[in-house]
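Two complexes, one shared chain (subunit A), two partners (subunit B, subunit C).
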Partner chain A sequence: MEETNYVIECRNLTHYYGKKLVYENLNIAVPEGRIMGLLGKNGAGKSTTINILNGFLEPRSGQCLIYGEDTQNLSPETKRRIGYLIEGHIQYSFMNVHQIEKFYSGFYKNWKADAYWNLINRLKILPKQKISTMSCGQRAQVALGLILAQDPDLLILDDFSLGLDPGYRRLFIDYMREYCKAKGKTVFLTSHIIQDMGRLIDDVLIMDYNRVLVQGPVKDFTDKFKGFIFDLERDDITFSDSLAVNVEHINNHYEFYTYGDETEVKKLLEAQGLAYSNFTQLDMTLEDAFIGLTGKY
Partner chain B sequence: MIEKLKHLIYKEWLKTRWYATIALLLSLGTVIYIFISIRSDLNLLGAPQYFSSLILEKSIFFGKFKYIPIITALLIGLSQFVPEVTDKRIKLSLHLPMENTTVIYSMVLFGFAIITAIQLISVLLLTLFMSVYFPSEIIIPSLQTILPWILGGMTCYFFIAMISLEPIWKYRFLYIIFVYFVLRLFYYSYGLGNAVTIYPILFIITLISSVSVIYTSHRFNKGEL
Partner chain C sequence: MILHLFYKEWIKTRWAFLGALIIGICIVFYIFIMVENRMTMLGAKNYTLSVLYDNPPVIYYSLLQYIPLLTAICIGISQYIPEVKNKRIRLTLHLPMNNQKLIACMALFGLLLITVSNGIIFVLFEWKNQLLFPAEVTRPVTVTIINWFIASYLAYNYIAMTALEPNGYRQLLYAITGLILLSLYFNNINFHGAYKDSAPVLAIIALVSCPLVLFSGYRLNKGER
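Let's turn to the complex of A and B:
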């Protein structure tokens, strides 16, 4: 049997901000060549994880390894293999596109200037326009171009979709997927915007406050996790059965999210003596499943 | 490694070049102003009265230069570190394929070199102007008086680097208060040539300030909150 190579391995990560628990005993393993998305609402611990992975935060306990090195003390050689996109596509905004390319090119021996200019030449910008005066989408393209030119083995993208309009987000996702799959790159990304994310990621890790809700291949999750809608006669029904992962309702219209199937849900309703109508299974995207799992609030 | 350092310096230069130019012009302008003032006072008071006031009252004829080193330090330090701190852009620098300490110290040494160069040019010019009118008995105490101001500028610069990398705002404010009182030692009115006795203390403070950035960059990496 072929042994799996893990690019990222986090073991028993526990972190607090003061007395506030972020998460406890979190384990993450990202195999080589896979795209893993850490998804969660704001404040769920996504940026905390990214900071630990990049060595900008020491966890209270536990350890993260990237290419076998403790992330608290990454060597320059390992840092060279990691492309890092900061939340909001932050770059050196006092530079223009030529200056920033010149700056970074000195640090990476396999610098691929063509990859950068292929993206930058599509931008409608002035040759000496500073990055600070560009739109969010344009800045995202500069940041992406720099990462592609760096040609890293691992890409860590922190909330890359933040601030992007739908077109740019789709462009970014499709470009990234194509590039990573063609070149066998490993990606670890976070996002609180789930729309279009199903097009990009292979594996998903969904976090809620203090806990992991799902970890595994996206397809497994979207196949197994289901949503049903139905109407009941009353609007004050609560479900304590473990079959009900999340139930939300507006008046007597209920949304029932579960890992069970239609028969099990109907049996549960009948067992509780609830008459239902308009029972329908939802056709869910990853975004629908995420909201169904984590709740709307 | 040399190639990486060259590119790191390129970034620092892009951030600081205009501020360094302003600092140099300000510094040279002040020195020229002092020179013109000396000429004017000599013409107005006459050489005997002017020299007696310098020697007997130990008056400082180059007082306008006093805060130039600290202004230079503020211009260079803030232009270098504010862009790094804004949006935590320092993460980009620390993610470069170099040791973190090398990155930080390359940045700090670049700023230090710029400040030193500006001060050196200014003091050499001031010394040249002084040598036109004054004997070494006045020039040497004058330079001894200027030295704490220059050390104060350097100390201020090192502390700007330290404060910038501190991850917690509350501590930044505490450091600023502490630094304010420390810097006052460099700008106390010691009188012409009288600061020599306090040199060792001032040198030690400057030396300590030069390594203080290690402490806060370590805190930044730990993500102290």
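Let's turn to the complex of A and C:
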């Protein structure tokens, strides 16, 4: 049996900000060549995880390894293998398009300037244009171009969708997917915009406050996790059964999210003596499933 | 790699450096234009005697006092504010170099720029000073102005340390400590050769402050809050 190579391994990660628990005993494993998305609401611990992975934050306990090295002491050789996209596509805004390419090229042995310029030339911007004068979408292209030129083995993308309009987001996702799959790159990304994410990621890690809700292939999650809508006669029903992962309602119109199937849900309603009508299974995207799982609030 | 890092630092600091340097050069020329005017009016010998013996003394070079400090502030701010704004320093710390070495190289670059600026202004000042005054004047004046140049290094080190410090309270503490220490270098000058006795201590304080930025860099890297 072939042994799985994990590019990222986090073991029993626990972190607090002061006395506030972020998460406890979090375990993450990202296999080589996979694209894992860490999804969660604001404040769920996404950026904390990215900061620990990049060595910008020391966890209270536990350990994260990238290519077998503790992220708190990454060697320059390992850092060279990691492409990092900072939240909001932040780059050195005081540089222009030409200067930034010249600057980074000195740090990476296998720098592929063509990959950068190919992307930049599509933007219809001049080499002397400063990054500070660019739109968020253009900055995203510059940041992406720099990562492609670096040609890293692992890409860590922190909330890459932030500030991108739908067109640029789709472009970014499709380009990234194509590039990573063609070259066998491993990706670990976070996003709080789940729309389109199903097109990009292979595996999903969904975090809520202090805990992991789901970890595994996206397909497994979207196949197993289901949503049903139905109307009840009353609007004050609560479900304590473990079948009900999340139930929300507006007046007597209920949304019921579960890992069970239609029969089990109907049985539960009948067991509680609830008369239902307009019972329908929802056709859910990853975003629908995420909201169903984590709740709207 | 270090040259490429210096390239980034140069892009950030070049206008601040050149601006401060031009102001410094203009101030030196202004000081000596004023000196030459006085010498023309009073006679060179009379003016030199008044510089030596008047009470309170004629501190014709007092305008130079804050020029090295201004240079350090301009370079420090232009170098570190763009890094800490939007947490851009993370891009720098992600570069394939040892993090402490990265911070040390950044600080070294800033100190080198200050040295270049200080060197130009100092040499220019000394050249004009020695052209116009005898050694009885120039020697004690040099002792006095050297401390102002040394103060610029202390100021830069504290700006760097404060900017990179992740905790707001500590930033305030560092800023206050820095200001108190800096005030030692800018006491009232009531004789030529002021700071003659304290100069070695002031130089040591500035020297000791050089590695402080590494401490802030270490705390930043650990994610201290």
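Keep this in mind: the second predicted complex is superposed on the first by the 297 of 297 C-alpha atoms of A that agree within 3 Å, B and C clash if a C-alpha of one lies under 4 Å from a C-alpha of the other, contacts with A are read in each partner's own complex, and residues count from 1 in each chain.
Throughout what follows, a contact is a pair of C-beta atoms (placed from the backbone, for glycine too) under 8 Å apart; a residue touches a chain by one contact, two chains touch by 3 or more.
Worth saying up front: this structure is predicted, and the values here are computed from it rather than measured.
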- In the superposed model on subunit A, is it clash or fit for subunit B and subunit C? clash
- Mind working out whether A:117 is in touch with subunit B, subunit C, both or neither, as first, second, both or neither? neither
- Message: Taking the superposition on A as described, I'd like to know which of subunit B and subunit C A:79 touches: first, second, both or neither.
- Response: both
- In the overlay, answer first, second, both or neither for which of subunit B and subunit C A:168 touches. neither
- Once the structures are superposed on A, label A:179 by its partner contacts, choosing first (subunit B), second (subunit C), both or neither. neither
- Message: I'd like to know which partner A:209 touches here: subunit B for first, subunit C for second, both or neither.
- Response: neither
- Does the superposition put A:279 against subunit B (first), subunit C (second), both, or neither? neither
- Touching both subunit C and subunit B, counted on subunit A across the two superposed complexes: 17, 51, 54-58, 76-77, 79-80, 82, 84, 86, 88, 90-95, 99, 102-108
- Name, in rising order, each residue of subunit A that touches subunit C in their complex. 17, 51-52, 54-58, 76-77, 79-80, 82, 84, 86, 88, 90-95, 99, 102-108
- Task: Going by the contact rule at the top, pick out the subunit B residues touching subunit A in the complex.
- Result: 3-4, 6-7, 10-11, 14-15, 83, 87-89, 91-92, 94-99, 220-223, 225
- Item | Residues of subunit C touching subunit A in the complex | 1, 3-4, 7-8, 11-12, 82, 86-88, 90-91, 93-99, 220-223, 225
- Would you tell me which residues of subunit A are touching subunit B in their complex? 17-18, 51, 54-58, 72, 76-77, 79-80, 82, 84, 86, 88, 90-95, 99, 102-108
